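In what comes next, subunit A is part of two complexes: it sits with subunit B in the first one and with subunit C in the second one.
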Partner chain A sequence: MGYVETILSVTGLNIILALSVYFSLTVGQFSLAQVGFWAIGAYGSATLTALFGWPLIPALMAVALVCGIIGVILGFPCLRIRGIYLALATLGFSQVAAQLLGNLQFRIAVEGVLRGPEGLVGFRNIPVLTSVYGIYVFVALLVAVLWWIGRTRFGMALAAVRDDDVAAEFAGINVVFVKVTMFALGAAVAGIGGGLFANYTSFISAQDFGFHQTLFSLLYVAVGGIFTFIGPVVGAILLTVLPEYVRFLGENRAIFYGVIVLVIMLLRPRGLIDRSNLSAVRKLWRSKTATRTGA
Partner chain B sequence: MLFETILNGILFGSTYSLVAIGFTLIFGVIHRLNVAHGATIMVTAYAGATVTIVFGSGSYLILLLAFVASVVTGMMVGLLVEFVAFRPLSRASYLTPFVTSSAIAIIIEEIFVKLTRQVPIFLPEFTPFPSPLDDLSLSVAGIFIRGTYVITFVVSLILMAILARWVSKSPAGRAMRAVEENATVAALLGVNVRRTEVTAFVVASALAGASGCLIGASVGSISPFMGTHLILISFVVIVIGGLGNIVGAMLGGLLVGVLEALVARYWSPTYSETVLFIAVFLVLLVRPHGLFSRLAVEKD
Partner chain C sequence: MLELARLSKAFGGVRAVDELTLDLPRGAVFGLIGPNGSGKTTIINLISGLYTPTSGEILFEGGKIGGMPSHRIVRRGIARTFQNMRLFSELSVEDNIRVFQAPHTRKIGDWLGTRQMSGNSPLHEKVEELLHKLALTKLRREMAGNLSLGEQKRLEIARALATEPSLLLLDEPAGGMSFQEIKALGELLRNLVAQGLTIMLVEHNMRFVMAIAQRIAVLNFGRLIACGSPQEVRSNRTVIEAYLGNE
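Up next, the complex of A and B:
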């Protein structure tokens, strides 16, 4: 029970991380900043809940707001940077955030006990305020929002900006607004995810937000595919659950992990979920609903 | 004191130059980042360490042998990486080889975590890299300099000079510059693009091998995770020097070495990455083509 629940929770958190990457991807911006926001959310929420006794929801809203504002501030300069340059710049943001927060050191007495982040040792005794249910409520919310955005005019604007931002600009779309909004939303989502992570595991340290974590956030999205939000979800689930099925490999699991990613990417360079298999599913679904309504 | 710090930064920074030149060479020719470059260096460092551990660390001849072993290992790993992670994906977007080379980096790292636990001559975590240069040190006019740093610097300079000459004068080097400029036109003019790409990988990974041995010998110990630090350093150096710019990578490596030494000396070694990546961000905003680029105009 405990084991399954842990796997489910970790999967849920990884889905949130993957979807936060997807937000800025919808406008063609490939961002590696998400782990940085994840770290800000984790340390922020841990501080508010453990040291100032805030309940979880207000703490998450606060970190989402902070990450969103930082996302706006970071989003504007990032408009000027594209492709691989953007990936490197945003990777820089993650490394800086993780290193600064990971070295934080201050103690505050809470009910007679000194608590707070202890530098490289990490931040211990964060109250556990969420369970697997809390995590999946947020996952469901995210999926619903992304599904809804895809059906609005705003969603069409996103697709237009992703395919050709110059053409989108000429079509009257405010490209700056669209790009910065999605960047900030992705940042806020990552912040909330980080907060959930901190208040689920009760212990965070710089190691949770290192370069490898950034690589993983990229692997989920790349393995799943970047055409719909289903891709990152599938990628995160696959790459979290599959290694658990090969526990018999013991220490070789991490090697196996790399091999899975390599094989999937070589066989399907655009990820598992792409336009072709998605439209096949859609066609199937449409024909079913069509027969049901008798049309 | 300040001068000593800067000097040591420049001397050790030369290894960063070597690392980043290899990295930028690959980017220049195929316009893809090889994330496995750091892991390649780690493997070559273990190859060099194996030689000095097995044959004893007393003589310079054995150190030379270790150097050769590192370079040859680097070439082999480079070929493997190119064959597995890049060749099948020549038409894919820049994202896919980034992911496949990351996957290879993870695989290689984990294999070495396992190897270091099981092979008796290695230690888990940190394995010492013995070399006869360990005790060498110079003291000029009150400034203390480690001998390994001087030798590392000289060897790096020689390698860079050879490379610069090779790139500008040899037929293979010219082909490489042609492909870098425009692969389609180069192919139409009879350049074998495929072979040029493989050559770039082999040369870059040979440099990775050289730097692996030099870094191992001058730091004195190696670990399966040393590649992660070096790949991050490479990212910093090639942004500062301009992506694909070899001279930029040389100067950028020295600059990063100095920055790192200054931060470690006057602030704290734990914050060196923070300073370096803030520099990256600023350079990308102000001079996206690097500090040492002659291109002033922006282009995508």
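Up next, the complex of A and C:
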């Protein structure tokens, strides 16, 4: 793996993580559970592919299903809480999932060699079944799905629930169903992301799913903006690529990271991509199209 | 059509609605008046499912609806507006109306297709009709949060009508409207009733209620103190003492 390819792959994986957060944000829920689902996806896919010889796509579908079901189970109690309490509950889930999986220890003989998760040492020798292309195919699929949803009545219903869930209920929308669905979809996306991560890096450990990863998932979305799916994509790209330009700072890169986030939050508290610059781009696009067609 | 049987709602020790029994006739405007805090909005909240009754029954078209989730009540044919408006401020006027077509968006294809929002679908035609009926056509692409108070009130009614209800609960629809707008609202409500809609109207503008309602119920401290035609209510001594006497 070359340097550029690695950075591209990590960026792609971070986009998937950010978009998984965005799924529940479409209905106004800020979930910090995604890293927990990411860990479940990673360990699940690693187990299925390394120990049971499953191909990648069925393994990813299986972890997506498991994460989706856990998402439904977790989604119902999470509907009762909001804001900081929802953030704490979902953060708790992430921490519990990461700790449980990080301490997982069992070995299975595969072709005469004992393999499996080794607790804090991690899970080694996971088959590399994906590449930068595989990661970006999934990113493209996610972006296409979110773009499509935004153009449909379902997308409009999501916007309504995010804006005012009480009024949305009086529009005849089953708000509980919509919220749990989006929470479960976000969980499934995070599960697939975790699976891709494990089958790309070939080694995972508890450190990959720590609090810092949860914090980054939050920052990608907060910096990029929550108004459209483009925000989390931009946030993930920016916060993955920019720190690479200051590698010479060594350990002090964390300070640079903090400063970037602070400056962006001060200058654009609603994130880099919000309604105003999005409508400006749309107007520019319309005027250029009109000039081209001579209208 | 709608029957409230010994309906009560208590908040702690306060009984906002107390043993209320009412029968709403079909195809009429039913006024609900009373001083502030008399329980008018609580009744609308109970009928529309925002609150669960403490005791008593709410029957709509013969079926119990008390305590049912609001989205299911809407699908049964009861729509409402809010005293403190709850428009989707980040959506345009036409999208606010489209969201309220959810009860008639039943197929997966209607939810996930973009074609259903174009000019040749019945749902789209209904949006056009409501925009025209509520004089909102010119404002269709305006964000709901940018509208004047009167325009917002009209949009709230348009949204409620988009659910195609048989019973419409209006919570102070004329508040903040100009004289001309109130006149137009009166005409609209009369037309809707002529087309078979039943309306429960909570309103403080007495001239408006008296002119438009066929029957009026008067509440005080959550209890029914009078019910009858506008003439009967206007001349009722208890009503004059509790409410109208202050006008």
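The rule is short, and it goes like this: the second predicted complex is superposed on the first by the 289 of 295 C-alpha atoms of A that agree within 3 Å, B and C clash if a C-alpha of one lies under 4 Å from a C-alpha of the other, contacts with A are read in each partner's own complex, and residues count from 1 in each chain.
In the analysis below, contacts are C-beta pairs under 8 Å (C-beta built on N, C-alpha and C of every residue); 3 or more make two chains touch, one makes a residue touch a chain.
As the structure is a computational prediction, the values presented were derived from the model and not from experiment.
Once the complexes are laid over each other on subunit A, subunit B and subunit C both fit without any clash.
Touch criterion met: A:167 reaches subunit C, while subunit B stays clear of it. With the two structures brought together on chain A, the opening angle seen from the C-alpha centre of subunit A toward subunit B and subunit C is 90°, to the nearest 10. Of the two partner chains placed by superposition, A:113 touches none, neither subunit B nor subunit C. When the two structures are aligned on the shared chain, A:175 is found in touch with subunit C, with no touch to subunit B. In the superposition on chain A, the chain among subunit B and subunit C reaching more residues of subunit A is B. Within the superposed three-chain model, A:154 lies in touch with subunit C and out of touch with subunit B [touch as defined at top]. This overlay, made by fitting chain A, leaves subunit B and subunit C with a least C-alpha separation of 10 Å. Shared interface residues of subunit A (contacting subunit B in one complex, subunit C in the other): none. For subunit A in complex with subunit C, the touching residues are 148-149, 151-154, 156-157, 159-160, 163-164, 166-176, 275. Within the complex formed with subunit B, the subunit A residues making contact are 30, 77, 80-85, 87-89, 91-93, 95-96, 99-100, 103, 120, 211-212, 215, 218-219, 222-223, 251-252, 254-255, 257-259, 261-262, 265-266, 269-270. Looking at the complex, you find that subunit B touches subunit A at residues 33, 35, 84-85, 88-89, 92-96, 98-100, 102-104, 106-107, 110-111, 113-114, 228, 231-232, 235, 239, 243, 270-271, 273-274, 277-278, 280-281, 284-285, 288, 300. The residues of subunit C lying in touch with subunit A in their complex are 48, 50, 69-71, 74-75, 79-80, 82, 86-91, 95, 98-103, 105, 110-114, 116-117, 159, 163.
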